[in-house]
Amino acid sequence: MPDIILKYQAEIWQSIGETFVMVGLSIAFALLVGLPVGTLLYLCRKGQLLENRSIYSGLNIFVNIVRSFPFLLLVVFLIPFTRFIVGTAIGTMAATVPLSIVAIAYYSRLVEQALLEIPRGIIESAVSMGASVLEIIFKFLFVEARSSLVLGLTTSTISFISYSTVMGIVGGGGVGDFAIRYGYQRFETELMIYIIVMMIIFVQAIQFTGTTIAKKLDKK
Amino acid sequence: MISLQNISKSYQQHQSILQAVHSVSLNIDKGEIHGVIGASGAGKSTLLRLMNVLETPDQGTIVVNNQTLTTLPNRKLREARRSIGMIFQHFNLVSNKTVFDNVAVPLELTGYSKKAKVDRVNECLKFVGLEHKAEQYPAQLSGGQKQRVAIARALANRPAVLLCDEPTSALDPQTTAGILDVLKTVNQEFGVTIVIVSHEMDVVRSICDKVTVMDGGKILETVSIETEPYMIPDNDPKWFLEQLTEKERNSNA
Amino acid sequence: ESTPEEKKQVDLKVASLIPPMTDILEIAKPLMKEEGINLEIVVLGDNIQPNNALANKEVDANFFQHKPFMEQYNESNGTELVRVEPIYHAIFGAYSKKYKTMDELPEGATIAIPNDQINLARSLVMFADQGIIKLKDGVGLKATQADIVENVKNYKFKEVDLLMLARMMDDADLVTLYPSYAEPLGLKPSKDAVITENVNSTFAISLVARKDNAKSEAIQLLAEKMTGPEVKKFLEENFADTSLPAFD
Amino acid sequence: MISLQNISKSYQQHQSILQAVHSVSLNIDKGEIHGVIGASGAGKSTLLRLMNVLETPDQGTIVVNNQTLTTLPNRKLREARRSIGMIFQHFNLVSNKTVFDNVAVPLELTGYSKKAKVDRVNECLKFVGLEHKAEQYPAQLSGGQKQRVAIARALANRPAVLLCDEPTSALDPQTTAGILDVLKTVNQEFGVTIVIVSHEMDVVRSICDKVTVMDGGKILETVSIETEPYMIPDNDPKWFLEQLTEKERNSNA
Amino acid sequence: MPDIILKYQAEIWQSIGETFVMVGLSIAFALLVGLPVGTLLYLCRKGQLLENRSIYSGLNIFVNIVRSFPFLLLVVFLIPFTRFIVGTAIGTMAATVPLSIVAIAYYSRLVEQALLEIPRGIIESAVSMGASVLEIIFKFLFVEARSSLVLGLTTSTISFISYSTVMGIVGGGGVGDFAIRYGYQRFETELMIYIIVMMIIFVQAIQFTGTTIAKKLDKK
């Protein structure tokens, strides 16, 4: 193990932990909120099962607003909200609030797109069986789009990691911020490269896992 | 059982409007096996899809099982549809579910117990001769096998009405005979009303009580016919050979 | 079972940005511990958040800015942050790979300067003080490029993030740098700078707190430790001619 | 023209291996119309897909038009395929191209001039009776219309060999008769070799010179038959009615 | 027109111009390079037409590396390359280099996913007609996936705008950076809000255009 890594061992472990918290919670919110929001976006579209102009426009605008904010300013704008939710606006937990909101907006768009690829015939067969909307979602849409949904979550997770590197501004920490602060700002180039290599391996592993699962799930 | 009153359905096509079904009225009695025939593009599939309001008619009322589907609130319509089985021209199987799971879906929707579900699915797969393919996915099946899965799925929930869009189009005569047998059985034993779109005249003749002929979106006529048995071939591949050579001999003679 | 000493444990949170600021706080940490004060260093990533955090009482003090910057923040946000103690001078300078003096710098040369308001102004003021450009009267630390009224040699000022400046030595003819950024490049203000600013106590990096807690025992104690012999020794040994103690 | 030597093809299924085609050898002469029949899942589609190496055989050689497709380099294989038309069981139309553009694709691949292309596409659409649907997209067509587009597409490039997987499965008898006419014409006038998988015995009898019967992945036998004309119905929807009532009368009699 | 906007009119126009340059070039590179790279990723996958493990792994790793780098550090790492390409590492043109590389990586992944949704049968029919790989790409793959490709480009464009807001660090400018520097750092909150509203409207317009075109192109 290179000296420089040993020297900063404790900080590195801590920053890995912080990244896990930030990205982990973002994924959780992407799934718990982004998946439903994306599904609603799809269902409320023109010509779809729950066609509803106002819900569609509302969600669509929410997603676009979140995605059009410069991320730094989104973080700043959300500070009052963050303080309301987690009691403070600095630190790792505080960083998860803007990250999760971006995660929701980001993943919901990919979910919408994945569902749009499902052939009409499948939905027709579901309707003809008298399936309720919830049943259509769980027994047809999510089954048929599952490999796209996994690929989308993979892409999203990698983006969340990338977003999390900016969270240093509110003291969120994480490996990306560590690389910037210790490696870049202190010109510890070697340390920075080790951290970046670590991140690349990590991202590569996520992509590999995602692709493999998606392939396993795809029976088309 | 099924009653269409003055039903029309048109589609926007390129720069014109196509009247796929035009002021059609039709009554089908309970327990009847009703055939729909006509040229390609005559509006047969559209008519069938109107019967469970999969296509919303531009005008007219549709009554199935004493319920006016065209005015039914959503929840009620769903319930009504659970007792209307449908076999699609293009099968529409869920490609990420196994054969077993595809057939199980309608049972899950009506809340069958696990045990009852397994039994019923296996029973239906046996009807169509696909017990051994239960764990396969649709992409691994031949055309005829897919079609038979679609038939098993439509039968699974013991529907009161069965809408079949060319259910034997991908099947060889032997398998067709087997499927027709199954349809006749459910019709006779459980009183299932069956509407069957088909271009195979032998099939229509052998199973239908009444037949509607469509042309250009309109009903030309509905006639009652007496069914004549579908010549059921042996379950022996040599049958194909006999068919060919026998005729051969005939024509040589 | 708890001893009276443990009962007195006080937490003190201080926001900061980069070394040597964080180093100084690290030195103070064990010293504060002895006094029963648990010093927590909160590292943030831009130069607005530490003041926001302080104003919103999420931290008790911060250590990253000079007085004019704090005053500007107070003015814009209606807050009452106060300087507790100046700690060290970071001498701003301009460096070049190709040129040794301002006279060598050709007409139309590119000068990289920071892009945040206060440091942008500070570097413009530095050039103005040396007679290289002229700024509108009285703009002081509100200066932007728009306030340049005379630029005889037609220099082009390029605004770049503070963090990025040190990497711009190859792209610009002249780069303004804080010593803490110049040092890793082996550049020293006294020896290598083409020009430096006048040492001016207004720009000393200072410990800042709020009006309501500036006089508190813990903050005062921290100010004391940060101006103690340990910090002085550290700065003299490690940042001899880049970060000069602003205390004796 | 087409010669298969000891061809095998197996698929991985769940936990077992399925031998879809098992050591099949078959010779089809130039200008022959060759039928392939057999039960659902017998391996007919797989055999057909092997003939233009769309499925790579596990073993054996395939020679078409004096070219050994199994060993041909990629570029040559592509060229060889341009003269082998194929009609898929599931049509495989490009859903974002109009009917016209779907049929035009093979012509663009062989570099027809714009004018020649338009003429040929219109000609082929006329063969299958779909001139009026040229600007429609596949999603706007009925099942039979889609199938006819697939047929037009396969004919467009004047192939030397035509591989047809149940080309009339979605067609009513009248349209079937029309299509069979077209196939016979290209066979007689241009010497096109045709392989036709079908489960409609009437179709096979009416058009094929030789027929191969498949069973469980193997060839049971190949027999020569004498074609007997497909009863060509009038292009009048009343025909359906006559069919029903006439038989009716017969059986009543 | 609010005074504050009039006051900064010139700067706002300039920053809009800078955003257009940065985002425009990113889109151009996404299309010119990302589309081919994504197509190759798809074609070289296991079981696809050009199955090729080494090309696939190579491209896949390139995409993952770009996407796993903290963006700030990517900008820094690319400085020598940027300098080589555009002659300098500061300014709007210099900013387009890292942005374009991110654009390529980002869009190529979405292209790969869009192409994966094309039914096998379509490709088989193309192969059976003796189409060359290039013909398959242009006459089948891109035709059949065109509405997904447009939606993917829409999503990407919005992400590029978001990325471009960070390019102030190398003097890239742009509206996002303007909002950060003038609005956030100089506490001109009103100005910041105007700019953000402008960006939201802009993003909304892009999304609307993308969705509309995609819908027009989709004939499934």
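So that you can tell them apart, the chains are marked A, B, C, D and E in the order they are listed, and the count of residues begins at 1 in each.
In this text, a residue touches a chain if its C-beta (ideal position, glycine included) is under 8 Å from a C-beta of that chain, and two chains touch if they have at least 3 such contacts.
It should be emphasised that the depicted structure is a prediction, and the values quoted were computed from it without experimental measurement.
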| item | value |
| --- | --- |
| Chains in simultaneous contact with chain B and chain D | none |
| Where chain D and chain E are represented by their mean Cα positions, the distance between them in whole Å | 44 |
| CA centroid of chain C to CA centroid of chain D, Å | 80 |
| Chain A and chain C, separation of their C-alpha mean positions in angstrom | 36 |
| Whole-Å gap between the CA centroids of chain A and chain D | 48 |
| For chain A, residues that touch 2 or more chains besides their own | 72, 76, 119-120, 166, 177, 180, 184, 220 |
| Sites on chain C at which at least two other chains make contact | 48, 163 |
| Contacts with two or more other chains, residues of chain B listed in rising order | 90, 139 |
| Inter-chain touch pairs (all) | A-B, A-C, A-E, B-D, C-E, D-E |
| Complex contacts: residues of chain A adjacent to chain B | 119, 121-122, 124-125, 127-132, 135, 139-140, 143-144, 146-147, 217-220 |
| Interface residues, chain D side, partner chain E - complex | 52, 54, 77-82, 84, 86, 88, 90, 92-97, 105-106, 108-109, 137-139, 157 |
| Chain A partner contacts - residues on chain E that touch it in the complex | 60-61, 64-65, 67-73, 76, 109-110, 113, 116-117, 119-120, 148, 151-152, 155, 158-159, 161-162, 165-166, 176-177, 179-180, 183-184, 192, 196, 199-200, 202-204, 207, 220 |
| Residue numbers on chain A that touch chain C, as the complex places them | 72, 76, 79, 83, 88-91, 166-171, 173, 177, 180-181, 184-187 |
| Chain B residues within the chain D interface of the complex | 11, 13-14, 37-42, 44-45, 89-90, 135-136, 140-145, 148, 165-166, 169-176, 199-201, 204-205, 211, 213-215, 220-221, 223, 225-226, 228, 237-238, 240-241, 243-245, 247-248, 251-252 |
